[in-house]
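As structure tokens, here come the structures.
In what follows, subunit A forms one complex with subunit B and a second complex with subunit C.
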Partner chain A sequence: MSQLQYFLALVAGGLCTAGLALSFATPLETGLLLKAFLAVGAFSLIRLWVPLGLWLDGAMAVLGAVAVLTALGVYVPAPAFFWMALISAWLFAWLFVERLSRALAPATRDNAGLGLLIPIVFGVTILVVWEVVTRGANVPQVILPPPSMIWARITSSVPTLLADFQQTFLKAVLIGYALGCGLGFVVAILIDRSPFFKSGLLPLGNFVSALPIVGVAPIMVMWFGFDWQSKAAVVVIMTFFPMLVNTVAGLNAASSIERDLMRTYAASYWQTLLKLRLPAAAPFIFNALKINSTLALIGAIVAEFFGTPIVGMGFRISTEVGRMNVDMVWAEIAVAAVAGSLFYGVITLIERGVTFWHPSVRGA
Partner chain B sequence: MLLSVTTASSAAIEDKGPLPATVVSAADLSLTFATNDGPVHALSNVNLSIGKGEFVSFIGPSGCGKTTFLRTIADLEQPTSGTLLINGMTPRQAREKRAYGYVFQAPALYPWRTIEKNVALPLEIMGYSAAEQAERIKRTMDLVNLSGFEKKYPWQLSGGMQQRASIARALAFDADLLLMDEPFGALDEIVRDHLNSELLKLWARTQKTICFVTHSIPEAVYLSTKIVVMSPRPGRVTDVIESTLPAERPLDIRETPEFLAIAARVRDGLRAGHSYEEHA
Partner chain C sequence: MNKAFPIIIVLIGLLIVWYAAAIGMNAQWQNDVYRRAGTTDVPMTQFVQDTWNQEKPVLPTMHQVMGELWNTTVLVAPNKPRSLLFHAWVTFSATALGFLMGSVLGIALAVLIVHSEAMNRSLMPWIVASQTIPILALAPLIVVIGFNIFTGTLGIPTDPARLMSKAIISAYLSFFPVAVGMVKGLRSPEAIQLDLMHTYNASPSQTFWKLRWPASVPYLFTSLKVGVAASLVGAIVGELPTGAVAGLGARLLAGSYYSQTVQIWSALFAASILAAILVISVGLVEKLVARQMGARPA
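Then we have the complex of A and B:
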């Protein structure tokens, strides 16, 4: 065990021992599972003499999480040993992940399934701590609602969330994204083709990207109406410039020797573009596509704050905040986070397929 | 202050004897690059003619213009003055007629294409049919001993194999002139020896005219029928040596007195054109 692992194990076990001692002050029959966890945690200090497997730490973390969650509301207010149990459960989870990542490190690529376990444990830990802290310490819902409440909200308002998702993501984001990226790409090729466009369009693109979104969004509403078209227009403005700059840079990425080769074949401009410069630009173009996938979502949601029909993720957030329905705000945030991550993930997958040859992808 | 030794005048090199056909002929060819530190005379009054089927090496220290001369033949650089004809055409016409294949210092294989797709690249650009492409890929891959590696990507092969693939690519469209710019410069001695003898066999089989830039004396003597010795500042031709070695050249020919005599003459030519006190 490394020094960090040793330290984690010692603190987790020590906290359980101290918590177990404190818990004797309460009636024995209350919070049995919590006390059982504290007892087992204290017993885990036996690892100072007998080595314990990393899966045992994983089991300890799970037991701790379940024990703390079921003990919520048993004691009011929550006593010190309750918080000790929470911290040691968290430490066990940390220890488990630490040991697992050490064990997997030499062969992460062959262990995709186990490798996935680490972020999952990390995410679940955050959710459990969030749930226990907000409910155990009676944090006001307006400040931070517990995840269980957000989940309940999500499941009970599926039709609303779906309508918002359709309006904001499927219409404004995807259409604006496709138009903005496509326009940036085409203008980049025009700029590359002609010095006239280079001196005219590049500064113009620069200018457009400098426009503040909160200033542009109301104007787009004036121009294109309240519906998703004005939001798509904001997304076009936001995604256009990253695509333009990256594509212009990417088109210059081919080395001079690679271009000379094309020249020796007396290749035409379009042959050189299609067979050399665009493939060489692909890593740059995908960078822009990835940056834009998150920008587009932000742009569409923020744009809905400035006039919209009564549907859409941004509209919902702005109105529910006003009505103190913070759980609905969080539900929209959760949907946006999942949609944005999936969007980004899909583009990353396509990137891996297209630029498989690039050193950053093939891991050379 | 320049104290360069001028033992051989570059203008004094003339065609000797009737050659079957002249592939490259340069007359008073000069090329000056304008740089921030003033003009650089990369080529100065070069006169040279290369006959069909010859294997010509260009040797000299860096900055002597050997690569520039090759690039001028390929129409990758424009001469400042003088005339240069390739098969009786200007370099530009020759390039547009796809009169030569060029092998660069680096393999310059496109990493997103497999080896066979890289070899097919010039064929695609020149509009060969799919059947003809397949036939030519097979033939040239055999020629450079790369059969079996068609589906590999460049980064999966060793440096020597990559350079062989780039030679296959230059051969694929059957230009009569092959321009090679230090193709084996980055490879180790053993691989280089091997590729040199392979190249000689390939030259014998294909009867192409080859212009080969190198800075290795043994390589130049071993490969060439004609060795052009060049010197820098300004870049010029100081000696042209016709090799007397037989066409059949096993690797151990390099220990024969005849070989060593030619190597000595090349070395003398290099020394004569090069002054070591020029920055005094």
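Then we have the complex of A and C:
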């Protein structure tokens, strides 16, 4: 074990020992699981003499998380040894991740499943700490509601969330995304034939991508009304330029030797475009599709801050913040996060299928 | 000159389309005005003139927007809330503070990720995932709650509190490009260069300051340019939710409440000009730093 790992193990074990000693002050029968965890944690200090496997540390982290979660609300207010248990459970998780990644480092390829475990451990740790700290320390739920409360809100208001999702994602985002990306693609192919337009439009396209385009939202709301059409229009404008710039760059990606080959085959413009240049442009196009998937959702939600019918994710977020219903806001954000990640994931999957020949896909 | 020519032609084309569209989009309102006034047989030139100079047009024309920009910057003292410079300054200060925080956070994360395999494996997927989440949706939450915490619990006066809560959103948006770019940059030294440092018996901190850090500077500036543009978007969106009275975003919102289209467009132009200035100044700093580090002009 490295120096850092020794240090982590010592602090975790030491905290458990101190916590165990402090916990004798409370009646024995309360918080049994928590005390059991502290005892086992203190016992883990025998690793100074007997080496312990890394999976034992993982088990300790899980045990600690469960113990701390079940002990929530047993003691009011939470005593010092409760927080010590939380910190040492976290340290065990850290130690586990540290040792696991050290063990994985030489053989990255064939351990994809274990490699996935590390970010999951990190995410679960964050959730557990969030839950325990907000409930254990009685953080006002206006500032930060615990995850369990957000989850309860999600399950209890499915119809509202579904209606908002339909309004914002299925209508505004998907339609605007398809239109904006399609338009960018078609315009790119058109201007690709003219070097003059290319050199005129590309610098502008690059410049526009640095501009705060979400600002056009109030104008679009004025032009296209309060319903989803105005949001889709904002999404079209936001997604158009990344698609244009990337497609034009991608169409130039085929090397001249490959184009010469197409010429020797007497291929027509369209044959060259369909069989050589578009496939070569695919990685660039998918890059734009991925960038746009995030931009589209942002554009639609922000546009709703400027006026909507009484449905939609952005509308719900801005009104519920005003009413201090913070758990509902977090529920919407969770839905948006899942929708955004799935959207991104689907595009990545399609990319893997379409550009299977590209080094970045083959290597992974 | 050769490079600028096509751009100018395209810009002129856009301008013509703009003015033509303004005639079409403002025509209906103009016809209503004529009907109410009882005027008939308006000559075509008069009609076109009028559509280009309405007070609350559907599509304001270029000269109206420029006139509004001129009126609200040059003709008004910059410390008055009527002045666009005042609003631009408010937005700029939040952008700059957020950009600073985001860049420092991004660089710190990148240093951690490059030096610790566990950090790399646990943080990197989440940093990437955090970008598929529409973070701007958090903006109203952060602004309102953050403002309440800053003024209530911490007892900060309202103006700095408002600035801080906007800067947090800016920081959140700008840390990602910096973190990803810096991870790439800090890893850009090749194995042979790292081996050379090894043969010099260089300590990890020496390797960092003398090899990794200088090697990452080009990557740093590329991502700083993306980050500063993202910061500005964050600051503007941070001004949209309840409570903001100053800033370009508040100006957009007020314009949309009172259908002041010329005001919306001028705020939009001001935001674009601010974005251009920010990106160009990062580019200038990049050139200065490159010269300091002994790079030859390309």
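Couple of notes before you dig in:
By definition in this document, the second predicted complex is superposed on the first by the 324 of 364 C-alpha atoms of A that agree within 3 Å, B and C clash if a C-alpha of one lies under 4 Å from a C-alpha of the other, contacts with A are read in each partner's own complex, and residues count from 1 in each chain.
One rule holds for everything that comes next: contacts are C-beta pairs under 8 Å (C-beta built on N, C-alpha and C of every residue); 3 or more make two chains touch, one makes a residue touch a chain.
Not measured: the values here are computed from a predicted model.
When subunit B and subunit C are set side by side, the one touching more residues of subunit A is C. Of the two partner chains placed around the shared chain by superposition, subunit B is the only one that A:258 touches, whereas subunit C remains out of contact.
With both structures placed on the common chain, the touch criterion links A:275 to subunit B but leaves subunit C unconnected. Of the two partner chains, subunit C is the only one that A:115 touches; subunit B does not reach it. Listing the residues of subunit C that touch subunit A in their complex gives 3, 6-7, 9-11, 58, 117-118, 120-126, 129, 131-141, 144-145, 148-149, 225, 229, 232-233, 236-237, 240-242, 248-249, 252-253, 255-256, 259, 261, 264-265, 267-268, 271-272, 275-276, 279. Of all the residues in subunit A, the ones that touch subunit C in their complex are 94, 97-98, 100-102, 104-105, 115, 118-119, 121-123, 142-143, 196-197, 199-201, 203-204, 207, 209-212, 214-219, 221-223, 293-294, 297-298, 301-302, 305-307, 313-314, 317-318, 321-322, 326, 329-330, 332-333, 336-337, 340-341, 343-344.
Listed in rising order, the residues of subunit A touching subunit B in the complex are 255, 257-258, 260-267, 271, 275-276, 279, 282, 355-358, 362, 364. Residues 74-76, 95-96, 98, 100-102, 104-106, 108, 110-112, 121-122, 124-126, 153, 155 of subunit B are the ones that touch subunit A when the two sit in their complex.
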